[in-house]
Amino acid sequence: MSSPELGEIERFLYREARLADEHDYDGWEALWTDDALYWVPAGGPDTDPRSQMSVIYDNRSRIRTRISQLKTGKRYSQSPPSNMRRLISNVEVVGVEGTDTVAEANFVLVESRERGTTLWSGRVTYRLRRVEDDIRLAYKKVVLVNSAEALSTLAFLI
Amino acid sequence: MTVQYSELIQPERVHGSLYTDPEIFAEELERIWYRTWVCVGHVSEVAQPGDYVRKNVAAQDVIMTRSADGEVGLLLNRCAHRGNLVCEDRRGNSSAFRCPYHGWTYRNTGELLGYPYNQGYGGKNKLELGLGRVPRVDTYQGFVFASFAAEGPTLKEHLGAAAGELDRLARLSPEGEVELTAGWLRHRAKANWKLLVENETDGYHPQFVHGSVFSVTGSPIGALYSDKSTAVTRDLGGGHSENDLRPEFRRAARPMGWFGTSEARVPDYVAKMRALHGEQAEEILIEGAPHVMVFPNLFIAEISVFMIQPTAVDETVQNVTAVQLKGAPEMNGRLLSQCVGSVGPAGMLLADDSEMYERNQRGMAARRPEWLDIRRGVGRERIDENGFRIGAANDETGMRGFWSHYRGLMEEGAAR
Amino acid sequence: MTVQYSELIQPERVHGSLYTDPEIFAEELERIWYRTWVCVGHVSEVAQPGDYVRKNVAAQDVIMTRSADGEVGLLLNRCAHRGNLVCEDRRGNSSAFRCPYHGWTYRNTGELLGYPYNQGYGGKNKLELGLGRVPRVDTYQGFVFASFAAEGPTLKEHLGAAAGELDRLARLSPEGEVELTAGWLRHRAKANWKLLVENETDGYHPQFVHGSVFSVTGSPIGALYSDKSTAVTRDLGGGHSENDLRPEFRRAARPMGWFGTSEARVPDYVAKMRALHGEQAEEILIEGAPHVMVFPNLFIAEISVFMIQPTAVDETVQNVTAVQLKGAPEMNGRLLSQCVGSVGPAGMLLADDSEMYERNQRGMAARRPEWLDIRRGVGRERIDENGFRIGAANDETGMRGFWSHYRGLMEEGAAR
Amino acid sequence: MSSPELGEIERFLYREARLADEHDYDGWEALWTDDALYWVPAGGPDTDPRSQMSVIYDNRSRIRTRISQLKTGKRYSQSPPSNMRRLISNVEVVGVEGTDTVAEANFVLVESRERGTTLWSGRVTYRLRRVEDDIRLAYKKVVLVNSAEALSTLAFLI
Amino acid sequence: MSSPELGEIERFLYREARLADEHDYDGWEALWTDDALYWVPAGGPDTDPRSQMSVIYDNRSRIRTRISQLKTGKRYSQSPPSNMRRLISNVEVVGVEGTDTVAEANFVLVESRERGTTLWSGRVTYRLRRVEDDIRLAYKKVVLVNSAEALSTLAFLI
Amino acid sequence: MTVQYSELIQPERVHGSLYTDPEIFAEELERIWYRTWVCVGHVSEVAQPGDYVRKNVAAQDVIMTRSADGEVGLLLNRCAHRGNLVCEDRRGNSSAFRCPYHGWTYRNTGELLGYPYNQGYGGKNKLELGLGRVPRVDTYQGFVFASFAAEGPTLKEHLGAAAGELDRLARLSPEGEVELTAGWLRHRAKANWKLLVENETDGYHPQFVHGSVFSVTGSPIGALYSDKSTAVTRDLGGGHSENDLRPEFRRAARPMGWFGTSEARVPDYVAKMRALHGEQAEEILIEGAPHVMVFPNLFIAEISVFMIQPTAVDETVQNVTAVQLKGAPEMNGRLLSQCVGSVGPAGMLLADDSEMYERNQRGMAARRPEWLDIRRGVGRERIDENGFRIGAANDETGMRGFWSHYRGLMEEGAAR
């Protein structure tokens, strides 16, 4: 199967962003492959997640747990949920790893909740895989520009 | 007018202004944070001579260093010339610090090594200046504590019964040493630091605040704090307290059960421990790690170590890392993974605690009721065999211990 | 040192520090906002038993509730246990509130219903705690007012002559009832709250600040405040004032002219009104809605209802919604549409008023002149047939009334 | 006539954004169809504009009034005008309604004026119609992430 | 040689943004032509750089000096370097000047350093030239939305 | 309690709280910024009658105007009616200002021209109001200075020996006039204003802070401040000081060398200067421009003019523009280009100075050492032929001069 080209990748990334922004938890979870890895490093971009603390370091089963918790409606850090929108831009296809296409992008996300408004920004690395005639997300790494600073609660899907 | 702590802090309730009044916050800095022993880090963070890492004691920017002769010290990050930061990097290894402004250099123990164009000062070594040092630095089980008071209780005196809990933690390592080498998550909350401390000691909230994750993971933790639980809350004195879950663990009597696993899963670790401790190993493996709040800012929740840093009357940074056990590679990955899943800005436990701190702070803006209630369990407290006051698993015994010590320090400070 | 309001507030000028001094703002909260009657909402916002909506009185986060027996009450959003918010949703329907922190529950009238694991308190019903209630709550024409003072003037006494203006508004409904069911725009201005209040009473600014929209729409409103206008500014006492445009409306003698329309456009409404009021209907339909500022925070500008909330000495939130007339579907869409076009962050009128408040606040940073002038019309004021002081349409009679009442409250507060 | 494809739509949305950012009032007004609807909801995304307050709810004639007011130069809340730029991203074509193509996008807008700098962000729904060989805007709905919070003055074209 | 089309231009602009964000000083400098002009106006978009102060007004040789200074590691205002990411969006090809293609875009940049987080935003004009089968940057003008206000230190590559 | 400046300011050290205490900042505004002569701009910014440009004196928003009869004046941007800003545009040309709120108009000298609907005030010209004027405005070499004190030393007295440095700058123009017509960069630093002032006078930092740019450009500037340099730091009295580089320039004896160029590059300019000054031209072209700090906020670094504006205890805006020499087109482009490359937010020099100010401010948060050292060169100071105290090129002589004058003003202010 042909590896997806830029337009298709952008459509996928925009969809992924929308599902996360709109708290469509099932829809978002369904994007992941079984060997999923969802990583938000702390203290810089290049830490080793197996020996260093991360903000998020979820394999597929932990993604499921995270989503299930959100769906209880009693994940208070997201109940009431944040109002937010994220812009995905500067999408670059950087290479192919086995069956996966690797893409990178920058984002800004504006989050509004009773605590106030928070601006999030960083660089995302995606590993995308064609499954049937759809695309799936095998890997997502989100490097926050302020990952070295103290962070506010980040309980939504970033 | 001066704050009357005796009125604001009563046996069964405390006043909301303690969490919102900037004047009280300023007094806390002087009377607690810049006076008593505060935990700043762990010796394993500066393992090698020359290693340094920047730390904080409240608003103080300090550099934790390991000198050539292996001593761990704490320097203030302020040049003796004109007050510039001498260290901008978060961590590194160097035997000296060079201020970028005019090139003055300091040994990593604080002594002024030199200054350029020394004729301006009449030559070399004419200045009896150096980097500020935290007056007292001491360690216990590798945890590094700082006191800005030149005199006062020793660290051992400060820790009192809490020391034993640190021993229990270290004892879980086959080499008897904890390491904090996984780096720190820094989690900012718009809440007064005491709301965090009280939450750490609070066995009443887990079933409610953390019900969401307990329900989806089928975690047994909720039950440990339920009405049926035989676990106890213990006032260890000196503002320290613990949620002692051992009664429950002993009841289950499952080695490694405290960590939600079984011996079979970590055979090498268990073998090492049994070889080292013989008979006693069984007890150690059953009882597991402590759940203790060390006044004012060190909290150990079994596998996670928290250090609390107040940044404003209504803002606090909670630093957290995973316990790593020296000589237990089999355990360390698991400890890290479980910790990462639970704590920090996205943690399945701590994100919700933090949400509570923040709602709590916002709630405090209301004029009434003026008080926070801390009476829970007053009626069923008892004294244990060691003379410590204990309450049920979900009682506020720990908070009451915190507040009586807090009040003592604040009044003492006023007296001075 | 204590503020001398008698020096800062003079008959023809007021001092700039009244808008910029944080100490004065703090005193205003105590002596005005948490003492006198403040408008928080309208009963139609909680139409059904169990309905609730979150409101504010200055910094106080209050929950307006409708109890099972239909009573409207105001609860403070602070748990009696440890001060957490008990209500995070902006509005809803529930007979009880449950605090998420430890599960305490309260009836929507504030009584503590229960607490989990009650043995920690010696069993059920052992705690004489509950949610804080606003001491006094009363309504007039459905408008809900709050007073944090247990004693003091009644709402009727507070409203005095302003009550009649609320009657006039309600009278425009064929069923005699106003409804505020369109939700609120919340508009933030970097300006002291009094700059908003004074602007509301100010008939001098429209031709200048709103000239842009008047010119492009050919609106007649400007003329109502011109030199030729027969409209008057009336000091209603108690800090209340109105811009009484009826003289102009009477001159035009066009039913529904006050609303910029004609009888033909709203036949059903007019028919209902004539049926209900007979002869008097003509007058009602000609005179239209009031333009009144009710001290300290309720402003009604014919079709729009504003509630002012101070959030800091230099920041204010202006809440605004459209008047809806019960039983007048034909009118309500028009009222909403015209209101939306005029008010709020993008409103063709209010956006420019807000720009003025903010420039005004910035201007106040200048050291001189130190004063704001409020003398306009002093020389041509007269007393009307009902004993009220009145000035021309564009005079500052209303401001002077505001300030004399303000000064009274601030000095009274000092005395207490 | 064929409904516009993504590239053409993006070009149009960027133009619309530029005209608004640069206060080209006539140019911006000319983009609208006669049955235009320009809506900025308040208090959440799903209110009924015919019974609930909105920040903006303009039909074509009110758009004209709004523009005319701005052009007087005495619309003080925009005189002096805000300096601002908005990024339109995550553009998704979500469907077709009759002759109109419906697209959605996220935006952030940074506004600088003497009051200070304000960050605006949200999700926009556009209804686009091909007219001759040009595109026109029939509908624009802007849901601000902070539409439930108190808003600063928003007198520029959003 | 054909002038580059939008997709190629966007790829170039994303690359330029990435090199700047990641402090790849050599890679970034190599993008420039010999007649390069790098301009960040102050006090509004339309000042005359030959008679008015600018935040940056670099010809090719001054770009080299600026880069060399950064590379010393002792350009303290960027040592330690800022953590940052910028989004380039609303890319419009606005015309051709001689051999150069002129494009414009909007950007937001979120900068995190010990001082705190700073949000930068504005409009960029690029003049791009095809050199061999690569693209080069002949001109870059960055108009900040807050160019009329006091600015924080801006020592990174904007 | 009142601040004891005599304790905080000692001959060889100053206390850190001087840079961080909000109370001290508030006192500085009253005793220095709103009392002594502060530089606000240059007459060339308002060249034509009617020209105006908005300026600041600390928090004061002032309008610098050129009246019909050519007088330069400073008005406060606050309407005499209700305090609105009367001028929103940053610059322009107009004989009058019209307040948008109610249309009051003022001549550009501050007189109230009129107010709409004047019957509200009993007719025309009934109000003895006007825009606030800065009590004293004076100029020297075209630099405009403001004093909010109605009485006190004259500008000449204030400038004292610093006047000569402004003369030297003007003398570099073939027409004897400097122009500041290139507009301003406004650079914000999170630092107390005195950290900027001291940095300007500091000859000790360039080799370190600016080594990066000196090394890549092979600039000789570093050497001018080295240990070998014959340049001197001169305390000019009145808080003013200069880094006098002339000894080095004289040694090199290269006309235009001070500007890093040669006569050949700017032939027309040199020709004009020689024609005008004859023999003396050689000296003028060799000695070049001054490097002087005029208390409290005007700094001239050869080709760049800085005006410092404090905005908070820990925030300052540094305004900077290029020197332009009337009648020297050949020079002006070069002056602008070199200035733009060096100063402002991206300047190859000033960006790093600013980084230092900000690190300095952060460093000040540390509790010890409490002091900043200013003793450098105390031991080798001498008195020059004109009776001024001078130190080596990299000594802190200028800072000590600054602090003794500062202390005088702050104590004098306390006395009043």
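Which chain is which? They are A, B, C, D, E and F, in the order written, and residues in each are numbered from 1.
In this section, a residue touches a chain if its C-beta (ideal position, glycine included) is under 8 Å from a C-beta of that chain, and two chains touch if they have at least 3 such contacts.
Model, not experiment: these values are computed from the prediction.
Counting hops only between chains that touch, subunit C reaches subunit E in a minimum of 2.
Listed by label, the chains touching subunit A and subunit D alike are C, E.
Farthest from subunit A, judged by the mean position of CA atoms in each chain, is F. Both copies, subunit B and subunit F, contribute mostly unmatched positions to the interface they share, with under half of the numbers common to the two. Farthest from subunit E, judged by the mean position of CA atoms in each chain, is C. Centroid to centroid, with C-alpha atoms defining each point, subunit A and subunit E lie 29 Å apart. If each chain is reduced to the centroid of its CA atoms, subunit A and subunit F end up 51 Å from each other.
Computed from the mean C-alpha positions, the centre of subunit E lies at a distance of 31 Å from the centre of subunit F. In subunit E, 74, 76, 87, 89, 108, 114, 119, 148-149 are the positions where the chain touches two or more neighbouring chains simultaneously.
Counting only residues that touch two or more partner chains, subunit F has 88, 100, 209, 356, 362. The set of touching chain pairs reads A-B, A-C, A-D, A-E, B-C, B-E, B-F, C-D, C-F, D-E, D-F, E-F, using the touch definition from the header. By the touch criterion stated above, subunit F contacts subunit D in their complex at residues 88-89, 100. Note for the complex: subunit F touches subunit C at residues 34, 59-61, 76-86, 88, 100-103, 116-117, 119-122, 127, 129, 132, 148.
Considering their complex, residues 90, 181-190, 209, 211-213, 215-217, 317, 320-322, 332-333, 336-337, 339-341, 344-346, 348, 351-352, 354-356, 358, 362 of subunit C touch subunit D. Within the complex formed with subunit E, the subunit D residues making contact are 7, 11, 14-15, 17-18, 21, 83-89, 108, 110-112, 117, 119. Residue ranges of subunit D in contact with subunit A, taken from their complex: 6, 87, 89-92, 106-108, 119, 121-123, 145-149.
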